[in-house]
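Heads up, the next two complexes both have chain A, just with different partners, chain B and then chain C.
The block that comes next holds the complex of A and B.
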């Protein structure tokens, strides 16, 4: 994942964008990360007390039954052999069967991932434009009464744990005050989640409200930073209209921390939102993974972790790519070190995002 | 540590009450449409005639297990509940929690319970239309007892001689017990996990049974959708066209679904939720005085519990009334370190143990354990009892450090190594409970209790079919358990269920299973099925 040196003139001669080799290297190292995490998770599950056979058979099973099931499930083999077996099956395209429910892992988790993706999509659909609009609006009205009030509300919202928010929303919209929405998201698995939007409103609202303060404050902070930058002052002095200064000069630079922030939020959501899934009984991937860990259902744990890791790597890769494309110095880098990791780390701290001076 | 635990627990309890109260508040203040629906249901409420049609939605909590559909190897309570819908057995539980004939029209045992002759009813059918015969009974018995299946319940019927199951005619089977050892509680042991299935049965690709509902769709960890079995052996039952068994991870969420009209019936409420049902028009609380026992296991193989005086002292430390009040929210009855209070052989004449800290301290002093510090291992279900008991123990100078473990660990290989752990069990007949708990054939004897005389009495008692002949044996066994056993049983708890006013055909029982009798339930607002 380290920085990649590019030889821009040669590449330019061939018509290949300067960032492409960097991207391919990142892609490869991302795959490496996925594989490494699967090894780590496999080892970690071995360290947990008890094993699937005991959990499945319950407290009343005899030792004889337990040993037999351990043998049938292949749990008596060395860890390395078990891992190799799993990897071999994966390469042939199989994820195995759940030790708990005995059904193919693919059947078990595909719908769950679908539900999580739908939720993630809806949250992104609302929280990204909202946070950008509110963040920019507040930055332009910096230190006004509205700005101060809004920041206070955002801080309060951020301080509220998401389960409390969820229960509050249930009381407000489902039970105590109004009765507009179902309290619990009992999705009919035979229909697409998108055709059952009434079940998606409360979980989406909870996640949007709990994610919005972070993103909005990130956008607001970096927008303020950008508006104070020298290039903005220069543009103003040159008589560029204020509207153009805000939208063409300041915003593209202010977007970079927001992209990293959005990537962070989406990565977290993709891994499942356990609390929201529990409060609303929403059939997402978070509760599936949690249950699989509790039950030591190895094939399910491995499959979920594999897909989640791959998803997180992909989300970060896209975010980094967008960062590169939005940063001219990095995009056109001829012999410039493409250290996105460092850039990202620095950007993430919105307070110190002073190096967004790459606009030339 | 336990003070923090206590305050946290009390906070959680208050929070549940407030959260539930908010949700209930909605129930009271609330909302036109659903109240109108509830009103319609109430109007029809007193009409006792069962109606056909509709979908009954049943909410369960099965911890983290997703479970399966296996008739003979159900994992967790969710699988067992689904099994009650899909499979019929030779016996079923009566309202008194004793086995009653179901698919069998006759089950006779000889005088020493060494052979069982079982005759099926006439004209029984599986979901796939196949007639149920003696061959299916033999297949099902062999499958349950097959070592290769590794069923956790196999040892409960391990007395069956697999090589001597005889087919007497198309409907009659004779089962012989191994080596002439009779086994009277066979029906008790068999009834939960003895689904009769055909030889082409497969738990994943062909889960065929003869229960009131057949499986249509199973999403592990989420829900099972079942449809009515038209040729169910009980005439005109079941009543609803569909049954949906929905899994929840959280009690508060499930309660919200019940009062919000998203489920009709929920099994096994938490004791602190009972208050939410007062004056609640959306759902009622059904209290079944079952005799699920609540207790602690004192491990006889570990110090200090290898000394009978310490076991006695711990039983005197327990303030049972307070435990019932605090842990069960009053939903339970006093127990005297014995299980199966409704069994005809129960020994009710022993003096009830009450808290006696002076005597307890004296016993500990005698045993040389004046200052004791132990680790009390608790399951999630037992954690409240552990906290309350630890406080009581402190008053006797005993420090109990609580370690709560997840289910996998609680049932893991260390379970027989802990000094003291929480323990609870189903309220069945005396011999059946002994077989599962601290009797000589138990596979999960956390107490490591093993007593020559007790074991001898057990082996004799399981061969006595006559109750009167069994009474003196069982009484002596209970005397031994009361005196030197490893169980501290402080209460028999109620089973608490939540029922929507839509549901008819349900009433409290002495069994655990009043909400599992799916064939009996009907919906008051059901429209007769329009499908052909």
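The block that comes next holds the complex of A and C.
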């Protein structure tokens, strides 16, 4: 064979996977992002027009005692020193004490984060398989009457604000029509939320219903694109049965946009779902953050925002890793030509705005 | 009704018989209609036509498939005595891949990117021969891979499609198509996306496989030279109808249909500098076909009958069939016109553009190594090389798009920066670039008038009336009517768009025109028009740097040739000297592997050198 035909890259040894250097780099830059956001969080809370000492002592405190407390809290030191001090404590796991209740921040927010994670897990558990199943089914029946009707319903569902959906579900399932479920989520903090499933049904249902249209249409769209690809036509022309064409040739190529879409949805949900938490009085992280902002409880705000940032970075990292692992071209590229971030950015530009609007 | 008379003994052994095939678009207009032909066992039939002729539509209809938006509405496709168009879906799937298989045009798009080569080969066997155990399948796969000239070890089978070169991918597709020993294999321009050297090797493989396995083949192509090397019989399509069906020799020696003859006259040939004769006009779209013979508006010998009634395909001796009211007779036709045209002799004049030691690199990968040459006024210099040779990088650097390049270039004795931002307006105006793909080089939201007008007003301080006058003149030079100014690129055909792109360059009054594969996206009849135009401009004093991989085109237009290989010049000299007596081994391989109509030989060219 000529040189022209043998110039394809040679397989690397089985030692280190080609994507590992890329992943380590991404991990580092993720940590960098968290660090950078810690600076921003700290500076932003510094810029708030409030003085923790005044908050703690209340409006009637004398100037003198305020000054004393400021010195005790170290608030009179330069900002950089305060930041270094705060970061040092943070790295040792100390998130400080709430200014409002004097409870350690860790105790205050861990339960709330737990509740949010449980909700998030349940939403993922239902919306991922559902959106894949419905999206693929609609793509296979593209432009049929069923497909058109379903797309219309999905758009309508999408257009519905989540509080309206929540209130609608409450009136349907918890009041006069069917009195099946509790309207508010009075979780017993002593027990695991998973043992109190009756309180989780409505919040989960609301979030699944408001996230599903986006994911389903994403899967439907990328599946249609994959089914139109030439290699799918050629598999059919080789006599490969339709079922195999769909599951082995088309679906793996349609999954990548779906993974990025799911990551986006989970990132938003991880930041708390304030509206749903308010409607169902669900004790999640969104309402905690909201309450902390109202009373200028700086340590709580800082901790929550930082953890959410780290979580979002982690979710995206996992999604990018999955994307790379599912795309042989990226997996074998050895880090040089990995442009999964660009792929993601292009994808997000197109999809972003609507999802954020629905969930926050 | 078959293409051959029914008493012909060949018909009895026909493995494929197409009868009255008709494929329609949604609006009811037909893409192809009234298609009858048959293919005997072991026979290779070439299906030839330009874009829009319906050749790919027929090819996929042979597997009972129509692309989205089209529908097979009539006729039958008999393979081994079974009408594929009448089979239920499940039964059809058993025939596809086993009795009739398909090799597509673009190998890069044809293999599933997430499945390993081995997986895709095994899958095809599992589907059609579920009884085979894994070891037996592996044997069969290894055998087939050897047949198509690929390694069959595990490391190769574990590769993903993107880890193969284009030639290797196409060989994998050949393996998939031949593995089950089908009765018929449909090859849809399988070498169009490949370099000439790779193409020659693939063609050789196809020809050997068909011969050794006795497989009948339908070979779809726009390239008559390739078809001549491969086919026993040729079917010429125009506007969705068969206009001529003949044995290979009959078609190439004595075409009976004026379109076949025109097509042959429009092809530039690597072996001889001939005067190209473009076919005037354009092929009609399915919705806009004229009454009567569809070719009549472009035909030199049309009569009133032609515009009134469509001619039917009828025998014209020797098994040749033609759909024409005035078929060419044996004496008047043929390629007698393919006489050599002398290359104009030019005096030595000082070089207009001197390129001295250009290097270029993309990151750590160097693509050009100290390339030097010169270009005179009124000269056409061809920059020749296969994909990856660095020819486009070089052309872009000269045009001022050379972010990756460094080196010295002198224009009229003055230093020429490789970055257009550092050139003054006069320099930018004098060196113009025409891009490869006319479908992407024009802004689809601007009218032709705006596209050309913007260029005028950018370089010249003229009022609107003068700008308009110059735009009309520029269109005239590329043989487009003034009405074109009001049209959008979407209203124009590929050839017209390329002429608009050239007009946009010409209105700047350039002295150097850099043409990057300007005809590779065009049909041969249109290509001839564009090449003729470039020749005209050159005679008017324009210096042209013509970047291409097509040596036939080079022979038709170039005065001198520079051959690039992997970023280095391997040979340079007068066009005829280089093409007739290539000194460098690589150049010799390129010339040798370029398909030629005139260098008549039955067998595909054998590789010159031993396998490396």
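By definition in this document, the second predicted complex is superposed on the first by the 300 of 360 C-alpha atoms of A that agree within 3 Å, B and C clash if a C-alpha of one lies under 4 Å from a C-alpha of the other, contacts with A are read in each partner's own complex, and residues count from 1 in each chain.
Assume a residue touches a chain if its C-beta (ideal position, glycine included) is under 8 Å from a C-beta of that chain, and two chains touch if they have at least 3 such contacts.
Note that the structure is predicted; figures quoted are calculated from it, not measured.
In the superposed model, A:262 makes contact with neither chain B nor chain C. Contacts of A:319 after superposition: neither chain B nor chain C is touched. Of the two partner chains, chain C is the only one that A:328 touches; chain B does not reach it.
In the superposition on chain A, contact of A:230 is made with chain C only, not with chain B.
Applying the stated contact rule after C-alpha superposition, one finds that A:238 touches chain C and leaves chain B untouched. Judged by the touch definition given at the top, the superposed model places A:105 against neither chain B nor chain C. When chain B and chain C are set side by side, the one touching more residues of chain A is B.
When both complexes are overlaid on chain A, the residue A:184 reaches chain B alone and has no touch with chain C. Legend: residue contacts after superposition of the two complexes on their common chain; A:301 is shown touching neither chain B nor chain C. By the document's definition of touching, neither partner reaches A:34: not chain B, not chain C. According to the touch criterion, chain A has no shared surface contacted by chain B in one complex and chain C in the other. If you check the complex, the residues on chain C that touch chain A are 60, 63, 65, 68, 89, 93-98, 101-102, 104, 106, 109-116, 123-124, 127-128, 149, 155, 158-160, 162-165, 167-168, 173, 176, 195, 197-198, 201, 386, 607, 611-612. Put simply, chain B touches chain A in their complex at residues 19, 22-27, 29-34, 63-68, 70, 73, 75-76, 147-148, 150-156, 203-204, 217-223, 246, 248-250, 252-254, 256-257, 259-260, 262-263, 405-415, 436, 443-444. Chain contact summary for the complex, chain A toward chain B: residues 48-51, 54-66, 68-69, 72, 98, 100-103, 108, 111, 167, 170-171, 174-179, 182-184, 186, 189-190, 277-281, 283, 287-288, 290-292, 294-297. Note for the complex: chain A touches chain C at residues 1-9, 11, 228-242, 244, 248-249, 252-253, 326-329, 332.
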